[in-house]
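For reference, chains read A, B, C, D, E and F in written order, and residue numbers begin at 1 within each chain.
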Amino acid sequence: MQTHEAKRVEITIEAMMQTRLTTALERAGVTGYTILPVFSGSGRSGNWTRSGQVSRASGMVQVICIIRPDRLDTLLDAALGVVESHIGVISITDCQALQAERF
Amino acid sequence: MDQILSLAAENLLSPIILSFALGLFASLSRSELSIPEAIAKGMSIYLLFAIGFKGGVSVASHGVDGTLVLSLLVGVILSAGLPLIGFALLRVMTDLDPLNAAAVAAHYGSISIVTFVAGTSVLQSAGVDYEGYMVAVAAAMEAPAILAALWLVARSGGAGKMDAELWREILLNGSIVLLVGSFAIGWITGEKGLAEIDAFIVAPFKGVLCLFLLDMGLVAGRGLRGGAGLIRPGLVAFGVLMPLIGAAAGLSAGVLLGLSAGGTALFMVLGASASYIAVPAAMRVALPKANPSIYLTMSLGVTFPFNLTLGIPLYVAAARAFTGG
Amino acid sequence: MDQILSLAAENLLSPIILSFALGLFASLSRSELSIPEAIAKGMSIYLLFAIGFKGGVSVASHGVDGTLVLSLLVGVILSAGLPLIGFALLRVMTDLDPLNAAAVAAHYGSISIVTFVAGTSVLQSAGVDYEGYMVAVAAAMEAPAILAALWLVARSGGAGKMDAELWREILLNGSIVLLVGSFAIGWITGEKGLAEIDAFIVAPFKGVLCLFLLDMGLVAGRGLRGGAGLIRPGLVAFGVLMPLIGAAAGLSAGVLLGLSAGGTALFMVLGASASYIAVPAAMRVALPKANPSIYLTMSLGVTFPFNLTLGIPLYVAAARAFTGG
Amino acid sequence: MDQILSLAAENLLSPIILSFALGLFASLSRSELSIPEAIAKGMSIYLLFAIGFKGGVSVASHGVDGTLVLSLLVGVILSAGLPLIGFALLRVMTDLDPLNAAAVAAHYGSISIVTFVAGTSVLQSAGVDYEGYMVAVAAAMEAPAILAALWLVARSGGAGKMDAELWREILLNGSIVLLVGSFAIGWITGEKGLAEIDAFIVAPFKGVLCLFLLDMGLVAGRGLRGGAGLIRPGLVAFGVLMPLIGAAAGLSAGVLLGLSAGGTALFMVLGASASYIAVPAAMRVALPKANPSIYLTMSLGVTFPFNLTLGIPLYVAAARAFTGG
Amino acid sequence: MQTHEAKRVEITIEAMMQTRLTTALERAGVTGYTILPVFSGSGRSGNWTRSGQVSRASGMVQVICIIRPDRLDTLLDAALGVVESHIGVISITDCQALQAERF
Amino acid sequence: MQTHEAKRVEITIEAMMQTRLTTALERAGVTGYTILPVFSGSGRSGNWTRSGQVSRASGMVQVICIIRPDRLDTLLDAALGVVESHIGVISITDCQALQAERF
């Protein structure tokens, strides 16, 4: 099976910042991402859960990008610009991707 | 006085308040009772649509004059002005830094639509009428407080992040659009439109409000469990004093504008209530360094219950006394 | 003519249409107003259950004769036949390739249940009766169009992926099962069953429909923002012409079958409406290379609003004129 | 006998049962019809709130005497005692090991609130009154069965994991808190409180129950598809026999306590019904090695449909015969 | 702590194709998988979000399989058979798993 | 871009056990985690889906922790204590994290 080196970037960020992040990613040339709902979490700023919430003030989403290794730095720069002053976590994993033409 | 007390007692023992208390009890005792996010959002959409629509229909029936425009204007001024008072008080009464003080103050300039709804429901039980356009005033009061807070931060040497995107988010936030939109629909379609859908938006309204307040009790209790440590006596005192100041401002506004007893009471409720949806969300974007536990606990854990239980009956009684209504 | 215009005007200013317009406005202006997926699905389940049940009760009350079977048959023929006309038109009027033309055409043979529901609601406001079994006809018209489209693709040298699994998915898709099932329950339990649950499925129906159309406006607006670039003038023209052709076919069907004015109007609505739930989902499986932005924008962004605003009043007027109802 | 049969027939053809059957059919035929989790939870919150509130109001109207306390006590004894009988039967009738037998037995000591709700709805259709505090008895019967089962496991040499956390979860589980809480609210606010929200909790109740049972049919059918292989004839026999034993125990309780025909029938329903929310969840924590497919399929796939279709009419008839009501 | 080499395969696929994919995986001998809801996403075929959606036509799910390295190729073959003509993304990450008997 | 070696631990566990797990993690000094909802799954104990469910008895959640490599063993010990007798899956992936001060 033909696979390709890639990076899996997982950005957990406040729901309020989602559009700002994806706009920044698109500007940085990221061609695709997937957004997972997050149910609850805990960190230095305390616990939160979406259960029963109406306001978007507390709550996060997880943005996942599979990208070519050479585009990593551009993506991280764009992401950090948005995330830096906000709470959130960014992790990067080496992975293999199928169908290189898709990303 | 007797009247206030009996209204307060009746209010305290209404299904609405008791539902809130049940939610509070459940989360403080760490029961796993919870209402799904989608259901909570669904109920809030229902309440906004219904209250907006009914306001619009009432305007269609009773007509409007210049008071509508004046009321909107006064609402905007109140929303922008109250944070200044709140900020000054917080700097004196508490040890919050300017950033957090401004963030908390913004919540008290803006409004809580569910407190407003609870107010209308008390008025209705008491048989007191109010100007239908007060829901438009509520919508107008959501945003100005945010700008006032950002100005306060800038003045204190800090810097909020205010971009075009945030402007759009604030002015077109979901509850404003839904409230103003359904107000417009109610106005356009009038009594005839209402007749088509009143079995949906009038009859079951109070029951939905009960379940929504159950949910708010759950969320408030959770917040109190997490944020109680941050809420010192000074903050609690502010959380009770500030709504009284807001209500006093609302009372003056209502009397000056010549509103009915009901309309004046609602102006007081708007002045007294603190935002817990729109403003916290805007603060996360504009003032990310401000601590959300503080402003959310203040708004939802202290001031909301105060208004719901004691505040509203007090405001209604005062409005009646001052307007002779 | 006057009658059409006044019906159209009344329709345009009904809470239902205005709610759709509000949703459209909110998403086109990029407000973050949104309705949770679970709530949207819950409302659609409610509407399907209610409309099916009421149809069944109506059949229980008025009895059925051979017209029911004939109507189902004619419905199937319409659903399978309209895509052929649609496909030919699309190949002439637009530059869609055979695959995308077939995919779009499938939507126009099939039906939109919410357009049907909006049609019944206009009839009800106008005091026009209709055959209760029209909901069964609606269910029967969901699927045949899909097969017709796959046949068109095969004929053009392409190949849709039609497997046993897809057959089952199409014939037992959620809305067909719910519509036919609640129709059967209504038929079995009749007026007595209705009396038990009418406070749930009759009285609040129009109000729920308003909120559902608000959601459809939001979704349609989002689709228009994304797909507008793809929708050239030729496609827009098709999106208005094709419902008129479908309505004409429905009119002939209603008149030939000797249906009432209301039944004929609903046959026209079914012919005119374009699927936006069942067919798009089947297309993703059977014709994955067809572009969903095209067919979804056509169905939800062009034809649905057209039918909702201008189409339905026109069809009702035409049906009344031709049946003398 | 005739009366039983006609009540059974009427029950079988009610919208409620037919909705359950529709759900069962849909999932057994692998239709993709599904109800979102949030909507299912929302409906269950609504039903618990409504049934609790109405029970409380009924107590407020009719007053209480010592029978309430005695009934609660007898309920607790039944809940703790029935698992012992169930366990013994399971060890004789089936080849379940002690662990799984205890887990299944726990479900039969506890109760299913939706079976209870269906029972009240049959009583209401038949015009039979019942003691409002039976909802409190229902709440009291949720938990004791769990402890009985853990004792059975310990006695058989196994060990359930019972910690303080689990105690709290069991005693403050969502449905108990909501049921008891809304019962209290109903009691406190009485007829006046009910008048404020009856358009929400009374009129639409049966309709919501239909959709909820549709969902339960979907879930039960899915469970049957997955767990059918595990459910041998012995288990099926148990699933029908055990509710009859529970109902007999409930009948004795009702007669001894001198309850009305309706109250006795509901005691039978509580005895006969098997938990499918609280107990399965507790079992996952306390007895993780017990197989959930067995107890869930027994409770939801065998006993629930039996009670819903044949059991309830039988219990109502028996209660009337024995109490002369 | 005793850990075992494993592969984490993450398949983001159209919701409509979920059953077809899991059936194919089960046929290929995959013993377990977990399916996450996906809230929204963006790719070459545009943006989508589940917000307010009734139709399953647009929307994806994420299927996650932890498998032994030697079973990877069988799994990928099965997955590709379903995904190939559809939109979607497959990524493979090396991971460590506990409790080898469980997968 | 300055990144830091880290471990991404993904624990798929029964919803009923969520609080017990997070309490154990917090006791073990884990400073942050994110919980994703899980829609459905399949394993040796059969299939399940949250669709239409009211009971929490069947259903899982996914707890994700990004931690420093030297804290991995403490975390795994804590997690295993809770998961062991329950159904569930734990996987560990090497990753890079930004903003080391955050975890």
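Convention: a residue touches a chain if its C-beta (ideal position, glycine included) is under 8 Å from a C-beta of that chain, and two chains touch if they have at least 3 such contacts.
No experiment lies behind these values; they were computed from the predicted model shown.
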Graph separation of chain C and chain E (steps between touching chains): 1
Set of chains whose contacts include both chain F and chain B: A, D
Third chains touching both chain F and chain A: E
Centre-of-Cα separation between chain E and chain A, whole angstrom: 18
Centroid distance [mean C-alpha coordinates] between chain E and chain B, Å: 45
Rounded Å distance, chain B centre to chain D centre (Cα mean): 41
Centre-to-centre distance between chain F and chain D (centres being mean Cα positions), rounded to whole Å: 34
Where chain C touches two or more other chains at once, by residue number: 32, 34-39, 41-42, 203-204
Sequence positions of chain E contacting 2 or more other chains: 36-37, 56, 93-94
Complete list of chain pairs which touch one another: A-B, A-E, A-F, B-C, B-D, C-D, C-E, D-F, E-F
Residues of chain A that touch chain B when the two form their complex: 14, 16-17, 19-20, 45-47, 49-58, 85-87
Residue ranges of chain B touching chain C (in the complex, touch as defined): 36-39, 41-42, 45-46, 49, 53, 168-169, 172-174, 177-178, 181-182, 184-185, 188-189, 193, 196-197, 199-201, 203-204
Partner chain A, residues of chain F touching it in the complex: 1, 3, 6, 8, 22, 26, 31-37, 61, 66, 93-99, 102-103
Residue numbers on chain C that touch chain E, as the complex places them: 34-37, 40-41, 44, 161, 165, 215, 218-219, 222, 226-227, 276-278, 280-281, 283-285, 288-289, 291-293, 296
Of all residues in chain E, those that touch chain A in their complex: 10, 12, 36-44, 60, 62, 72-73, 76-77, 80, 89-94
